[in-house]
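Shared between the two complexes below is subunit A, which has subunit B as its partner in the first and subunit C in the second.
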Partner chain A sequence: MKKASKIFTALMFLFLFAPLVILLVFSFNEARSLSVFSGFSLKWYRELFRDTETLKAVRNTLVLAVCAAGVSTVMGTAAAVGIHRMRSKYLRSALDMVTNIPMINPDIITGISMMLMFVFASRLLGLANSLSFITLLIAHITFCLPYVILQVLPKLRQMDASLPEAAMDLGCTPWGAFWKVELPEIMPAIVTGLIMAFTLSLDDFVISYFTTGTGFQTLPIRIYNMTKKTVTPDMYALATIIFFVILALLLLSNLTDSEDSQKLRAARRAKRAASGRPPMDPRRRRILYACGGSLAVIAVVAAVVFAVTETDNKPQVLNVYNWGEYISDGSEGSMDVVKEFAAWYEEEYGRPVQVNYETFASNEDMYAKLSKNAISYDVIIPSDYMIARMIDEDMLLPLDFDNIPNYQYVDEDFRGLYYDPEDMYSVPYAYGIVGVIYNANVVDEADTGGWDLMWNEKYAGQVLQFNNSRDAFGTAMYRAGIDVNTTDRSQWDLALESLLEQRRSGVVRSYVMDEVYNMMESGEGAIAAYYAGDYFTMLDAQAEGVDLRFYYPERTNFYIDAMCIPSCCQNKELAEIFINYMLSKEPAIANAEYTYYASPNRLVYEDPDYIEEMGEEAMAILYPDWGDFAEKYNTYAYRNLDNDLLDYINSLWETLKIN
Partner chain B sequence: MTKKKTRSSLVTGLAGGPYEVWAVLFILVPLAFVAYYAFTDNDFRFTTANIVRFFTDTSPAAGGEGTMVRTYLVISWRSIKLAVISTAVCLLLGYPLAYIISRSSPRAQKTMMTLIMIPMWMNFLIRTYAWMTILQDTGILNNLLAKLGLGRIHIIGTETAVIIGMVYDYLPYMILPIYSIMAKMDFKLIEAARDLGCAPAGVLRRVILPLSMPGVVNGITMVLIPSISTFYISQKLGDGMFFLLGDAIEGQYVANNLHFAAAIAFILMVALLAAMAAMRYFTDRHTYGGQ
Partner chain C sequence: MDKIIELKNITKSFDGEVVLDNISLDIYDNEFITLLGPSGCGKTTTLRLIGGFETPDSGDVLFMGQRINDVPPHKRNVNTVFQRYALFPHLNVFENVAFPLRERKVPRDEIETRVEEMLAMVALKGFEHRAVTSLSGGQQQRVAIARALVGKPRVLLLDEPLAALDLKLRKDMQQELKNIQKATGITFVFVTHDQEEALSMSDTIVVMSEGRIQQIGSSQDVYNEPQNAFVADFIGESNIVDGVMLADRSVSFSGHVFDCVDGGFGKNEPVDVVVRPEDVDIVPEGQGQLSGVVTSVTFMGVHYEVIVDIGGFKWMIQTTDFVGVDAHIGLVIEPDAIHIMKKSEYSGLYGDYASFSNEFDELSDAESEGSE
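Let's turn to the complex of A and B:
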């Protein structure tokens, strides 16, 4: 029995720690992969400490957790005392019930409900953007509060009610009785509540996702937004560091509790007694610890709040909103474009500028937030069809091209396209074509060439399909020769039939976005449709025995991502200066090399160093000779669809997913 | 005596005040907004169409030609099924572990409880990502099985993988409340039952289980709620093959269908509140002394 329970405990801890061990090991991996260990390296730790955006996200997460835990602990303890002494039974049970709501409500509902309220309230008050650090903090305090209250309340109920009464009979004020008698008694519960609140706030993603605003992205959100590209291993390094920090803290706290320190304390007491001073009352000592503890917390909160407000005092702020992992960020010796811009600007204009660079996971995600006036940014980089939609809804400002002289380097092919026919609102950033990536060690060369490969039952269980409706339907529609922008619902039904067939026959292994990297690199999947540039990222990290190749089917998606200024922009000229900077040679080349996406900028694709760096194969794939670009683009690019049709497609997508 | 009472109630009023205001403003009002959005259309006119849509939307079924199923009921059913299984597994694993821990030395108790908390400090998105690489076909688990000559198994993308992910992420939420009750449990009662000739199974059923019931109820609540509404775990470990209630709400939010997203949230909320109220009512009557 004893042995069985030991084995069981060991197995449980193995289960709990297995993923952490994986993270630890692969944080030292030379390659980007989380499945193939190619050699020991400290590279990702260096990357982590250089990655200012991630470090900022870590700081934000800590600031938030400290503030939320601090406020909710103080308010929750007070609330528990209040509830405990409440004499009206009905009021007490009503408050008990309300307290339970955030715990019984799934976090997605808490998040959505608060977002709805904040958006509504700010519309009422006429505020520019409804979501901010304050709303995020309010949301976190709200979901932490019940945990504190439910820790403290039972402790209060257990306590002998006559103790504070006795203190007051002996002349203590009610406040003094609480401070000297009750508080030390409930202190352990308060500390547990504080730790729980801190932990919950630190780990929360869902509620933050719905309630965070401009200028305050937390780590979980940053990680989630890496979903189009890939989660970078410096995150594993970060997890490993957090692990060791906690371990060290635990060891430290265990040490202070060990027999040695108890002996030490006994010795100190003896010394105190010998010097004639009375021994310290243990209760008083606890109060001292409690006070010291709360002082420390308050100090940290104050320092942290100061740090936050300090950054807000900078004279000029530029808020940039882009896809995750879509700018050269200084990793692996590349140029840190955001940082360089700030330095260049200060030198050029003699004024400092603070750039808040934040990320989104998809066009729709960005639109959902911007359209509700929930957030405000100065520069955004959406895709073509979303630009068309935003122009339609008056969400973009016309650009002043006098401030963007580098626009002259944008190729003529990228002017006057459907989404911005008069070239008033957008400056192309990158473009590409969707193609098919396959593992040549599994797939017969003879089967390649068209979209049929993704429906080929010979490769059942090895095909990776897009996990977003527009791109997934796109593959089926290009295959069948259907116009991807058709408003004819029966055509969309046909595409659904095709996707259902692909799924039911067992050809599809997974619906993926960023997971595609790991799966293709490790040989887990053999066939996938994805963006051309990303093929080269995978190629760099392919495992032994995997031979990735790439081709374009005849009909396929062309897309352009372009820089725009949304109507909520606070500093248009600064935004235009940033756009112009992004078009200048060095940053443009750095971005093109980092993302592996094709650049519409002549300064990039005509640059000999860039051409050499990319290599012949990459140049051929990224910049194919397509004859009339505008014609192909206007035929195959996604267009904006109306709301009813989008809703219909969404329901088709759900149908596919529940089968 | 009376004077003292008034003084202490003044303190009480001051202490509970901020929270009462907070609770109304940030717990009750947002819920009212969910209801408001759920019962209005895009122009904020009253409608029940969103609620009706949840129960009536249909899509073609996998089986035969022409058969239709109710989309959101199918999604709900799958969510409930996975959440209930995960909760049961958490209970089956967490309960004995909490018991074992509560019977160890105080030092070991402290160490083991902190060990259980540690994974919660790692970001859960990253933890889930790590599970993906453990479970995939060319992953660590399968490589290990192959080396041991046991053959490979396909887990990733199955309901099993999603359940493993949920159990992993939410197990501490089951262990913590059960342990905190068990640690306070008077073990003399167990000894007494044994001395009086009770068999081990009887001790468990008649003494330990009833005493720890409040912890079990809390644990079940804390695991069931997040697992019924998760969307990240199902996306990553389910290979995007499943669509759960959380995915549906998030999908509608991203598609800018706020009113329908609110309707799904509203229905889920009402169902959960009802289920929890029923569970508390039931267990309060069947535990000794209740709460």
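Let's turn to the complex of A and C:
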């Protein structure tokens, strides 16, 4: 029995702390992979401190947390004192309950309701941008407040009610009595409240996501948006640092709270007796230590971050909204495109510019934010089908190509495509083509070439299929030669049959999204369909004994992401200058090298240095000879389907997953 | 002697409940005055009115002739020792005592000497740097007194300051408080529900009940000459029986006519007769003015407490002679042991020991201490 409970305890701790240990270990991994530990290295910590966008997000998060914690602590303490002094018992308990409601309210509801309120209020006031740092701050203060009140109010109730009376009796004004007697008495609770508010604000994602505006991205939002590619290991390093900072704060706040700890008290008494000198009042000292310690921790972190990022308050503002990890950001010795643009612009035009670069995780996220008119951006980089939809809904502005002379370098193949047939709204940024990745140590070369490989029963339990309906159905439809944009439901039924067959035959190991990286790198799966650019990411991290290769089947999906200017743009000319800059040689090459996706820009793919850097093999994969690219693209690329059909496809998908 | 505080026709109620009902009271300079009464009688409220923590609904509070109804506590030359001391936990002993001086911006050196002086007076020298939370109840009490006196107030208000101390310590502190009061010459207004404490310490006792003052007088006055049945019962033990005044110095009760020393009542006026238990002598049956049957005997140390049934009314008698239960005895009461009171609203409520037991008494005592 005793043994069993010990084992149980050990398991519990394993369960609680295993994820943290793994995070910590892999933050020191030499390689990018999560499956192979290839040696101890501080590389990712170095990378982290070079990643200006992330550090800026850290700085934003800290600024927000300090402001929110400070304001909510002052307001919460005032509110607690106010509630405590109420004469009516009923009013007091009613208020008590009302302040508790936001705490039990789900974050998502708080977030959405706040966003609606801010949008509504700004419409009422006629403001252009309804969401901003201020709204984010208000939201954070709102959700921190109840926690501060919850800390302070019980402490006030515990306090001897005659303390403030005694102070007044001895010559204090009521205000003086509060400062000199009540406040020191409830200070431990205030400090605990402050630390709680700080940590709550620091790690909030859901509410921030709904209420933040342009120019202010917090760390949790940035990490979430990194999912276009995988989360980079410098995030493990950052998470490890944050974990230890929070741990330090927690220990400090426990120190303020351990008033009843007999052990501490006994130890203190012994120490006092031993030293023989009259020490400072221990309570006071503990509070001082805790306050000082918390402030020191926060200050050190803030100082480091502020030292690395520089503050720039410049009048010209450009808001860019892009996929996460989709621009060369200065990490691993690459070019920091955003920073370089600002420098170039200032030199060229003699005026400074502040670029707020923010990221989104999916086209749908971006669309939702823009369609609410909640925020305004100047440049966005959506995918093809989303561009078609936004043009349809008048959400994009026609571009003035006089300001974008570098458009001439965009390959003729990328003109007149279905999503923007007259080339009025978009400038292609990058494109990708889906191919099949396989482990050459497992798969017979003779079996490769088409979609059939993913159905080949020779490789039972080795195939990774997409875990989203559109892409999974796509593989079956390309294989069978069905139009992937057909509105004929019987064709979709046929594709389902094919997927069911694939599943029943046992070739599918699992249905995956981002896990595909780790499973392919480690050799756990041998066959998967994915984008060429992502193949290179996997290649970099493949484990020993894995030999990943890539080919394009004849019919396959293409996507193009293009730069556009949304109708909420505040500075169209500046936006066009930015787009033009992105097309110029250096940044375009830097981006292509950073993202590993193919560039439609001749300045890139015809550049000898770029070709050399990428290698012949990679060039062949990224830029295959398709003959008439436009025709292929217009025939095979996914387009927007109407909602009825999407519902139907989803119901078929459910059938597959249930079987 | 000068009046230092005057309360004039003060009425105060909380949530519609009258706590003080038209109270008038004069407090003289340099006296030790005690507000005595059971919990809920309004004595603490009276104290808080003087301290400035409450304002009267009607009536006036005068301090040296000046109306101070609306003067806030920090501007009154009056300090309070709170029931649970209300020491500031974040300050050490020295800083607690120095607090009022720092508030008044007294020079540093002077603070030092005055605090030391005060700590010496309350025998806490050497405790300057101790945390107040590390002190015993009695030590905390003394810090509170030192803190309240260091500013040299004209009046010190003490709200049941000894209630939380154990018996032995309480006796010592009573003596100490009395000495401090004599030494400093400051007027003490002391609130307690403990009649023994009141009798032993006070120059003047104000007996209160149900928001009204029942009697004001010296310890001897309120004990020997209680004004009504409430006072007689609340202070010490009393047998209170119905009687009829036959003439001056002649009263009839319990079926017998007694000589007494009081006069000035109407002929055949119904009165309350008070006889203290220690003033009744036991004699053999048939030789006394009254006779009865002993129903219980309790040994109290210095004396026995004997309950005697006389014609259905239970008397308490304190005697040093032992009598057995069920013994038939005679009783003698001297004329000067008989105190005659006018009938009041309290008549018939007190003075019968039919339901008396020591246990019961202690229970109700504990209850009133806790709820004040």
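Criterion: the second predicted complex is superposed on the first by the 458 of 659 C-alpha atoms of A that agree within 3 Å, B and C clash if a C-alpha of one lies under 4 Å from a C-alpha of the other, contacts with A are read in each partner's own complex, and residues count from 1 in each chain.
Rule of thumb we're sticking to: contacts are C-beta pairs under 8 Å (C-beta built on N, C-alpha and C of every residue); 3 or more make two chains touch, one makes a residue touch a chain.
Not measured: the values here are computed from a predicted model.
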- Query: Where does A:248 make contact in the superposed view: on subunit B (first), on subunit C (second), on both, or on neither?
  - Reply: neither
- Once the structures are superposed on A, label A:168 by its partner contacts, choosing first (subunit B), second (subunit C), both or neither. both
- Partner with the higher number of touched subunit A residues, subunit C or subunit B: B
- Message: Going by the contact rule set out at the top, does A:10 touch subunit B (first), subunit C (second), both, or neither?
- Response: neither
- Task: Return first, second, both or neither, reflecting whether A:181 touches subunit B, subunit C, both chains, or no partner chain.
- Result: second
- Task: Please indicate which partner A:160 is in contact with in the superposed arrangement: first for subunit B, second for subunit C, both, or neither.
- Result: second
- So the subunit A residues that subunit B and subunit C both touch are 165, 168, 173-174
- Could you please specify the touching residues of subunit C with respect to subunit A in the complex? 51-53, 72-74, 78-80, 82-84, 86-92, 99-100, 103-104, 128-131, 133, 147-148, 151
- Task: Provide the residue numbers of subunit A that touch subunit C in the complex, in ascending order.
- Result: 160, 162-163, 165-174, 176, 181, 184-185, 187, 278-279, 281-284
- Query: Which part of subunit A faces subunit B closely enough to touch in the complex?
  - Reply: 5, 8-9, 12-13, 15-20, 22-23, 26, 34-35, 75-76, 78-79, 81-83, 85-87, 95, 98-110, 112-114, 116-117, 120, 138-139, 141-142, 145, 149, 165, 168, 173-175, 178, 199, 202-203, 205-206, 210, 219-220, 223-224, 231, 235-236, 239, 242-243, 246-247, 250, 254, 257, 362, 364-365, 367-368, 371, 467, 500, 504, 509-512, 515, 518-519, 522-524, 643, 646-647, 650-651, 653-655, 657-659
- Task: Flag every residue of subunit B that touches subunit A in the complex, lowest number first.
- Result: 4, 7-20, 22-24, 26-31, 33-34, 36-37, 57, 59-62, 69, 71, 74-75, 78, 93, 96-97, 100-101, 110-112, 114-127, 129-134, 136-140, 156-157, 168, 171, 221-222, 225-226, 228-229, 231-232, 235-236, 239-243, 246-258, 261-262, 265, 268-269, 272-273, 276
